[in-house]
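Everything below concerns the one structure shown next.
Per-chain numbering from 1; labels A, B and C assigned in written order.
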Amino acid sequence: MIAVSVKTRERKEMIDVTAELARAVSEAGMKKGLVLAYVPHTTAGVTINENADPAVPRDILTALSKLVPERGDYRHGEGNSDAHIQAGLVGSSASVIVDQGRLALGTWQSVFFCEFDGPRTRKLLIKLMPG
Amino acid sequence: MIAVSVKTRERKEMIDVTAELARAVSEAGMKKGLVLAYVPHTTAGVTINENADPAVPRDILTALSKLVPERGDYRHGEGNSDAHIQAGLVGSSASVIVDQGRLALGTWQSVFFCEFDGPRTRKLLIKLMPG
Amino acid sequence: MIAVSVKTRERKEMIDVTAELARAVSEAGMKKGLVLAYVPHTTAGVTINENADPAVPRDILTALSKLVPERGDYRHGEGNSDAHIQAGLVGSSASVIVDQGRLALGTWQSVFFCEFDGPRTRKLLIKLMPG
C-alpha cells in the first residue's frame, strides 16, 4: 500500500492523480493485475472521467452541487453534509486494470481525487494487486 | 467467500458492517490485500462514510430520498423503483485495503450496508483477496 | 484481460453483459476470485441491477436523465455533459465475486453496460483475478 499526499485548494475540486497511479505501477514493475485508488476520507471520493477538456470535471462538480446543495435539510452539525453525500454518490475508490505494465485506461480517461470539503491536505491510498 | 446475515428494521436504513469485515480479515489471518463487501440484492447497496455522528447516514438517506422519491414516473410494478435507482447510485460493493492485518480505513470511515426497500433479512457477501 | 465489443442502439441504454462475464470465467476455468467489468469510456458506465423486469433499467435511465438533464448549465463543448456526469454517478466498473466456478450474483442481479451517449460501438474490459 502506497500513501500519496494530495493538497486541494478549493472547497470542491477534482485533481488528476493518474500519474501517481502510473508511477506506483511502474516503480513496482507490476505487469498485470489491478490497482485500487482509495480515499480514506468521508468528504472526498475517487472517480474516472475525462480531463482533456477541463470543462468536464467542472460540469461534474457543478452538477453534484446542484443535486446536493451546500445548504439543505441536514442534521450533521459540521455544515458539510453536502460533502458526505457527494462522496457517497461518487464512491471512495476506483479500480483500474493493469495490462502489459500499463494502466488500461481508455483514451479519454483520467483518475481523479474528488475534494468535496476542502481546501485540505488529503491522502490517497494506492493498492497494487498483481494477478 | 463469507455470507453474513443482515436484518434491517426500516424501509431505508444504513447499518454499520465494519466489524463483520474486520472479523473476516482477522479470522482468516490475512495480512495484506483487499476485502470486497458485496450485496447480492438489487434494492440494497454498500457505501463507506462517517458513523461517528449518526446524523451523517441520516442525511445521506434523506438526500437519496429527495433525489429519487418513492413515487415518481416509474413503470416497474413492484412500487420499489426508488430502491433500485438508489442502489444504482450507491453501488453494490465497496473495496477496502487490508494492511498489517487490519482494514486500512480512514479515522472516520465505516462500511455500511444500505437498505433501500426494507425491512428484510438480507445477505452481505465478504470476499478476501490476499496480495 | 479480455476486451468485448458492445454495440449500443440508443443514446441512453442499459445492455445486460452478465453472459459475457460468465463466459470469461468459465473459459478460463476460474474457480474462485473476483471478476471486474470495466468500461474504458467517459460517457458510459457499469452497474448491477435487476433485469427480470425490463422496466427496472428503464426506470434507472429515466431517473438519471431527470437528475442530470441533457441541457443544463454545462461548459463542455460536445453537448454530452449529461453523459459524463451520469457515468460519474454510476461508476466505470463493477466487481463480482466468483465462487465454485460461477458468478456469485444474487437471484435478481444482472451486470449492465450503461450507455449514456450512444449509439456507438463500445468496449467492455473483463479482468479475472483468481484468489
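Convention: a contact is a pair of C-beta atoms (placed from the backbone, for glycine too) under 8 Å apart; a residue touches a chain by one contact, two chains touch by 3 or more.
Note that the coordinates shown come from a computational prediction; the quantities given were computed from them, not determined experimentally.
Undergrad: If I superpose the C-alpha trace of chain A onto chain C, what rotation angle comes out, expressed in steps of 5 degrees from 0 to 180?
TA: To map chain A onto chain C, rotate by about 120 degrees.
Undergrad: Taking all residue numbers at the chain A to chain B contact, is the shared part over half or under half, that is, same or different?
TA: Counting shared over all numbers used gives less than one half: different.
Undergrad: Could you put a whole-Å number on the gap between the CA centroids of chain A and chain B?
TA: From the centre of chain A to the centre of chain B is 20 Å.
Undergrad: Spell out, as numbers or ranges, the residues of chain C touching 2 or more other chains.
TA: Where chain C meets two or more other chains at a single residue, that happens at 67, 89, 91, 95, 129, 131.
Undergrad: Report the residues of chain B in contact with chain A in the complex, numbered from low to high.
TA: Per the stated touch rule, the residues are 32-34, 47-50, 53, 55-56, 58-60, 62-64, 66-67, 89-91, 94-97, 99, 104-109, 129, 131.
Undergrad: Over in the complex, which chain C residues touch chain A? Could you list them?
TA: Touch residues, chain C against chain A: 1, 36, 38-42, 67-68, 72-78, 81, 84-85, 87-89, 91-93, 95, 123, 125, 127, 129-131.
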